[in-house]
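First subunit A sits with subunit B, and in the next complex the same chain sits with subunit C.
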Partner chain A sequence: MIPHAETAHWIAASVALLLGLVLLSEVIVGTDVFRRRRWRAYLWPSLALVSGVLIWLIAILSTFSTIHLLAHAIWAEAAMIAGAVELAVVRGKLSSPRWSLVAAAALLISGLSFLVHEQNPWLYSRAAFLHHAIGWMLVVAALFPLGRALRPQRTVLWGTGFALTFVLLAVMLFADRDSASIFGHFGEIPRP
Partner chain B sequence: MSSEYATTIRERRAHGRRTRRSSARPIAIQLIGPLTILAGIVWAIAQPYRIVFLDRDGRGLYDYLFQPPLLVVVVGLIYALVLAPGLVEDLESGPRDSAR
Partner chain C sequence: MRRLAVAAVAVVAALALPDVGLAHATLTTSYPRAQSTIQVPPAEVRLVFNQSVTVTSRAIQVLAADGTLLSGTATTRNGGAVVVAPVSRLERGSAYTVRWRVTSSDGHSPGGVFTFGVGVPAPPPTEAVGAAGTSWRDDVARWALFAALALLIGPLVVRVVVLRRSSVPAALEQRVHLLTTVAAFLVIDAGIVAFVLRAANALQLPGIDLLYGDLKPFAEHTRFGIAFLAMTMGFAIVAGLLLVAWIFDRTALRWPALVLSLALASGLSLSSHQATEPNRGTLPEVADWLHLVAACVWVGGLAALALCVWPVAPALRRTAFVGFSRIAVVLVALMVLGGAYLALVRLPSVSDLWTTHYGHVLLVKAAIVSVALGWGAAHHFLVRPRLERGADPEIRPSLVGELVVAFVVLLVAAVLTNSAPPAVRDRTPVVAGAAR
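Let's turn to the complex of A and B:
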């Protein structure tokens, strides 16, 4: 039983919300306290890695359109690479703050994929509007990990921005509908 | 004014700021979960047609279990029950050297 696209987006939104809250917690309590328990230190990289694996499943199911297949495959790879690098950072294998450039690249590539794979204009439907909005939001949000790589001393600013990016992403994905006008109700446009 | 008194006042102010900050952090952590749950409940009240249990006509498993307000509540519960207690405990226990 394959879920509708909106259901898959809502599940992804839940993971994004949890990721955002985990990252926000780390900013609030500080990295030292947050990583005091090993499982907590590995939580964010593991969630990113697992979400990459789950997006591969979506990619497999998105064969109705080549561009959807490619976009989901790119998101899966970006999430898995960012998660793997974060795992190595937490483990202590990688120590340079410049490794945040990987997360910045992942967000940038994800944003561009959102923009490229939406073939309808902004105001066509709610799904189209959200794809454009999420795409541009992720492109701009790539500045937070970029800032962390170049100015690592402003940890709170970059960390808060990065965490809130995922909370905002969750809100947008939760608002998604397969067939509805931007501010209307479900069912106004027939489901494909 | 004596430099001894001035130093004491500065130290008291700094200590007050540190205390306020250290007490605000556990409260913030404890609030995140309930606020998330509250957001889900408010959403469910604002859009009751998303809760399929109330209107079951021709709906499938995904419609029952994966509706956004329910998912938001579940995320809030996971945060409040799994993540927040340990974080608050670690915050209140003060600095420590080794990781568990």
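Let's turn to the complex of A and C:
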């Protein structure tokens, strides 16, 4: 009943990569150009909302330990709420830039649950290292939507940081398992 | 600069060296399998993990129904991924409990419990030897689940059924969206808490170790676990539908959200004590579901009137109140008839009402329900005619009062649901009582 961990993490990494690239595209070409086709504005918030629903599927398949169930539940809820609020902003339902605080809170809570979920020190293992790295990255990345909420005029800075957060998250999620095929060719290197 | 270089090397090493990547161990399979029935007593109990683990001599404990330890010293095989303990004195015709605890290579100590039967069906893991019964925490969690379900279903019914032909102001629309969406997430969260607490009663793991407890036997081999999985995913879809309905003004999406919510509520009926009693059957389960749904619509509908319609839509007060009042008659009938039928099914004799804990709780519930119904009757027979005549009496405090009583009813219902009904003589023996 439980899918292989790699499968779930590759899917999550792929979605994070897609999210990051969409956000990065908007930063590179500028919001005006990017949103000449209206549907593009809905891309990343919709992805976040849908991925939130899908993370619930992973959550209910993560009953092999309480911490995994709880952590996935937090990530699912954070993604759904943050995605929905951003969609509402794009749609015009919400207008204040302060609504970015929701994305900041989602990143902060997600990062903290990564850190709580990992009980070992940084250099205990690769998984521990990456869990700490992802956790702290998400906590720090909460500053980008926070900045967008409080200093909305510096769009490029906040947008770039926010986009790169998801690209980095994708890289780390791809690397977060023993036999991830993306790094599988390194598996033949003999252990020290 | 040197620190930077070390950090860079550490990052590259972490990403590039797959063989050093470790997570905590999880149980992939076992012999005997969890909740399985085998015909011949096994000579050993074997646990297979997804990675190597270290164990103490008591890593596996196989217990008879009376708590007698039947297992010997646990050892590892296959490089540490398999843990085996010899067992003796197991007999055909009995069920046994397996409690295990290992240390994985990342230092965590996952643990779990499951049961198996030799020639007899295995009881659910909640009835394993050493499992504790439900406590006030379970009652509060189930109450939160009932309350959230009511706040989801009731306002949806008021909006899509009672006010379906009315022109609804944006403020009311917004408030109903907010209330129902928050309630949908609360249903999921309360469900998770209730599920984990119920599993924790059986796992009996101390403090932080509960975080690494194996919940699979509960999720996959109990009716409440399966209902939990279906309800969690289902209500996530409900939350998604409600969010999309709000963002894109697709109010029609509330219909599938309501229908799905009503259907998912059956999970609570299928997984409560109704599901484990020997007198269970389709009719009691349907009665339980109707009883629950009627209560949710009643309580949630009151909340919609008191918290949404009255404060922000004065023009709709009469329509909403009169419309809901008509529905309330059907709801009360369903609640009373369903409740009476279930009481008859669950109480073998009338004296159980005053001689058992279940009977006492049922009497308390009946008393509080009487207060709530009296309050509702006053609204129906005294306030409704005035509203129909065009008056606008200030009844919000009264609505809030009835709502508070209704939430107390839900609390007592939660206690009742977590209580074990009186035993029936031909009840199938279990490994260990998990009753309160």
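Keep in mind that, in the parts below, the second predicted complex is superposed on the first by the 175 of 192 C-alpha atoms of A that agree within 3 Å, B and C clash if a C-alpha of one lies under 4 Å from a C-alpha of the other, contacts with A are read in each partner's own complex, and residues count from 1 in each chain.
Note that contacts are C-beta pairs under 8 Å (C-beta built on N, C-alpha and C of every residue); 3 or more make two chains touch, one makes a residue touch a chain.
Fair warning: this is a prediction, and the values are worked out from it, not measured in the lab.
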item: Touching partner for A:25 - first (subunit B), second (subunit C), both, neither; value: first
item: Partner chain(s) touched by A:17 [first = subunit B, second = subunit C, both, neither]; value: first
item: Which partner reaches more residues of subunit A (counting touched residues only), subunit B or subunit C; value: C
item: Subunit B versus subunit C as contact partner of A:98, first or second or both or neither; value: neither
item: First (subunit B), second (subunit C), both or neither touched by A:33; value: first
item: Touching partner for A:53 - first (subunit B), second (subunit C), both, neither; value: second
item: Footprint overlap on subunit A, comparing subunit B with subunit C; value: 1
item: Residues of subunit B touching subunit A in the complex; value: 25, 28-29, 32, 36, 60-62, 66-68, 71-72, 74-75, 78-79, 83-84, 86-87, 90-91, 95-96, 99-100
item: Subunit A partner contacts - residues on subunit C that touch it in the complex; value: 10-11, 13-24, 26-27, 105-108, 110, 185, 188-189, 192, 196, 199, 208, 210-216, 218-220, 225, 228-229, 232-233, 236-237, 239-240, 243-244, 246-248
item: Contact footprint of subunit C on subunit A as seen in their complex; value: 1-2, 5, 49-50, 52-53, 56-57, 59-60, 63-67, 69-70, 73, 76-77, 80-81, 84, 87-88, 91, 93, 119-120, 123-130, 133, 171-172, 175-180, 183-184, 186-187, 189, 191
item: Interfacial residue positions of subunit A with respect to subunit B in the complex; value: 1, 3-4, 7, 10-11, 13-14, 17-18, 21-22, 24-25, 28-29, 32-38, 40-41, 174
